[in-house]
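Labels A, B, C and D are assigned to the chains in the order they are written; within every chain, residues are numbered from 1.
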Amino acid sequence: MIDISDIKLSNAQIAWRAAQDIQDGAYVNLGIGFPEMVASYQPEGREVIFHTENGVLGFGAAPAPGEEDWDLINAGKKAITQKPGTSFFHHADSFAMVRGGHLDVAILGAYQIAQNGDLANWSTGKGGIPAVGGAMDLVQSAKRVAVVTDHITKKGDPKLVESCTMPLTGVGCVTRIYSSLAVVDIANNRFVLREKIPAISLDDLQALTGAELYTNEGVDDLICPEDLL
Amino acid sequence: MDITVATPREVIQQIPDGATVMIGGFGGSGAPIELVHALIDHGAKHLTVVNNNAGNGHVGLAALIEQGQVDKLICSFPRSADPTVFVEAYKANKIALEIVPQGTLAERIRCGGAGIPAFYTPTAYGTEVAEGKPVEEFEGRPYIRERWLKADYALIKGDVGDRHGNMTYRMAARNFNPIMATAAKVTIAQVSRVVDAGGIDPEHVVTPGIFVNHLVEIANPAQEEELNRAEAVYP
Amino acid sequence: MIDISDIKLSNAQIAWRAAQDIQDGAYVNLGIGFPEMVASYQPEGREVIFHTENGVLGFGAAPAPGEEDWDLINAGKKAITQKPGTSFFHHADSFAMVRGGHLDVAILGAYQIAQNGDLANWSTGKGGIPAVGGAMDLVQSAKRVAVVTDHITKKGDPKLVESCTMPLTGVGCVTRIYSSLAVVDIANNRFVLREKIPAISLDDLQALTGAELYTNEGVDDLICPEDLL
Amino acid sequence: MDITVATPREVIQQIPDGATVMIGGFGGSGAPIELVHALIDHGAKHLTVVNNNAGNGHVGLAALIEQGQVDKLICSFPRSADPTVFVEAYKANKIALEIVPQGTLAERIRCGGAGIPAFYTPTAYGTEVAEGKPVEEFEGRPYIRERWLKADYALIKGDVGDRHGNMTYRMAARNFNPIMATAAKVTIAQVSRVVDAGGIDPEHVVTPGIFVNHLVEIANPAQEEELNRAEAVYP
């Protein structure tokens, strides 16, 4: 199997690519960890309003070290800041926004994504302590649910699969995957390849994917700024 | 009318063994540390605790678990920077865990306070969290039915409170506190500052006093994050 | 049948009697019209906090004529005032208070009250336009639901009945009736007479009541200030 | 980001015949009279309107009904000081009426905004309002099941709004406005004053901007009560 370690996109590049699809004025929730990086790559001239499950809308970037106020954190318990237009609300109101379909985009990480849009990202199913947080609410109700992820696991197994073997976070919810090798849409219960990095062949990409990649609508080159590492 | 009390102890001591206790906060933000520590001092056991998380370090909820006072935890996310206490108790089968998706947890609590015994949500449909729960379609989409969640006591933390129990919160420390205040038979609140009735603009009240039974001023409340960075241990 | 017009209590006296049972610190909702009079007769030294369905808790008395602010009204659309401790909230939160059982007392008017606690007070059932407002929420969920009412209709028919013939507002909800002749509790599906005005005999009172009045727990005199007319 | 518009007309004119329109207010308090009058000018017909009441006098909602634009009204209390317009339309079978208990109406709207298709309430159990609705017991008490209520448009009235759509309200004029803002595909708000983002303290925002699509400043809004005392007629 092909070694992709030298050609795959960095997390920053994946985040950059995901950020390009977020429209001006969108209300967006970013999952804890890697997905949070998407906030750093908003294109100039677009104003995006970020939601965090713990009751803040329109928050600003992380404060300088030492400037943290621990009453003002995001869902990952990291310090954030206020900016003009910020609002605070309680948890039931926060999830009324989520469940009521008011968020334009939710971007999450993934263990597995199935070709029917099923997502597994909360539990490896191998014992340990399950922790679901707000992911099950977000994936079932945001207007658009996207995933940022490595294309394969550290062991080399496909993360894009025919059907998930790990416990599901939500059914039929993901519509776009930004992976370290490609941009893949989910439509009509199949993976539709939209973009791939030029350094990988279609055959190699298919070999690293657990279900058929449909290419009949045309595949563009996935080009990201090279200095994002 | 004046629902203020001088110390947490005098109201916390009414909490009996076996009580269900909601504890506000999201991680350390909005966590009523001083009330939780008073509950540790009081020593009530076999508690069922409702919180978003499972405690961090060795203070607050983590310390309550460490003292063996919690039989069951209902939460959405039992992970944190340092969840050692919960993890050890859980692996030793000393504590039961009910995992609830965060929005479902919030809505179950709100429904407990709002007199709604059950509601339908799309959240968790088709997942193992939904196993055994009634499923129904509305307009062609499947939903699962969830039940309200109520408590005997709620321990919450606000910013300013007046003598009627009207309260405000501070930034993201609002989180679960206002809804937990509505869902308990007895709500005990700590605030940084108690003012006379009229000291809070009626437009800015977040929790009306009808939901609060006892109010205690803790002028400079501990911040869990800072306690943990200082590696504090309670008691 | 006995003519009660000269002996019955005035609405003000009924309201006064109902007010005596409201404890210090109670949260109370008073129905539109006659029940609102209860607020005028709170005993000295007790602080009662009034709720109105349209989103105000702890409001004050009516403003002086000409001083009305029509953004500050009660459920009867009458102008009210703020006072220290007032709070504002939206309608869903207001009825969360109601439905969640947070109100200590609701006092309403009645067309009919049945001996099992059923209440009819929203529709005569004779055509016309039905208008339920918040009554169905209040009667089903306040901790204590009481009624202030004439003992009989203008035509002389009993308002305390075996079972309601008019459309119900709620089932088994009323626990105390303050009438123009008596104070009657509802317990175990029967009317238990607690107090009656001295000017009426038990037999006459029974004759004006549509179901049996139980008296075996003792009946006190119902004495109200005479200057409340 | 700036969702403000200069006049009601330019956004109201998108409302098509047959739309379901929630209109905020409780009686005249919080009623978006100028938006409703713009809807009269626009002329959309066969509307389903959700409001607590049925209009008063000959302005606002009453005038909308008088113009024959409303096919159906969903409300809790179609009585008022002067309900002549509604009463005549109703008796002439020109308007359909769905009566909903006020708390159920509020919760149905909140659920519409919060993604909850159905919930259980004790309200109206055993009454004719509950006829045909599913009944279920929880902990031995019977409840009826009610469905969410959504709209194509919500017309609401606030006090201050910022360019993101964050809003405050004025005293009891809050009422149905914040929940209706959440339950419509498109929410159009009038406020007495528009400010820049940051002009409202984040702690005091009642309706976050995520729920508002268009915001128009009406600096000195008419008060229905005062219009009716002056026997105003629109148009």
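Assume a contact is a pair of C-beta atoms (placed from the backbone, for glycine too) under 8 Å apart; a residue touches a chain by one contact, two chains touch by 3 or more.
Keep in mind it's a predicted model, so treat the numbers as computed, not measured.
Asks: Which contact partners do subunit B and subunit C have in common?
Replies: D
Asks: Which chain lies the greatest distance away from subunit A when centres are computed from Cα atoms alone?
Replies: Ranked by distance of C-alpha centres from subunit A, the top chain is C.
Asks: Report the inter-centroid distance (CA atoms only) between subunit A and subunit C in whole Å.
Replies: A distance of 57 Å separates the two centres.
Asks: Calculate how many whole Å lie between the centre of subunit C and the centre of subunit D, each centre taken as the average of the chain's C-alpha atoms.
Replies: A distance of 30 Å separates the two centres.
Asks: Could you put a whole-Å number on the gap between the CA centroids of subunit A and subunit D?
Replies: Distance between chain centres, rounded to whole Å: 37 Å.
Asks: Which residues does subunit D have that touch at least 2 chains other than itself?
Replies: 107, 110, 114-116, 121-122, 169-171, 202-203
Asks: Which positions in subunit A are in touch with at least two other chains?
Replies: Residues 82, 88-89, 95, 98-99, 141 of subunit A each touch two or more of the other chains.
Asks: Based on the touch definition given at the start, go ahead and assign the chain network to line, ring, star, complete or other.
Replies: If you draw each chain as a dot and join those that touch, the picture is no line, ring, star or complete graph.
Asks: What pairs of chains are touching here?
Replies: A-B, A-D, B-C, B-D, C-D
Asks: Could you list, by residue number, the parts of subunit C that touch subunit B in their complex?
Replies: Per the stated touch rule, the residues are 24-25, 27, 47, 49, 51, 57-58, 82-89, 95-103, 141.
Asks: Touching residues of subunit B toward subunit A in the complex: what are they?
Replies: For this pair, the touching residues of subunit B are 26-30, 52, 76-81, 83, 86-87, 90, 97, 99-107, 109-110, 121-129, 169-179, 206, 223-226.
Asks: Please give the residue numbers of subunit C that touch subunit D in the complex, ascending.
Replies: Residues of subunit C touching subunit D: 52-56, 68-74, 77, 80, 82, 88-92, 94-95, 98-99, 118, 129-137, 140-141, 167-171.
Asks: Can you check the complex and tell me which residues of subunit B touch subunit D?
Replies: 107, 111, 114-122, 136, 138-139, 141, 143, 147, 168-171, 202-204
Asks: Considering the complex alone, what residue numbers of subunit B touch subunit C?
Replies: 1, 110, 112-116, 162-164, 166, 182, 196-200, 202-203, 205, 208-211
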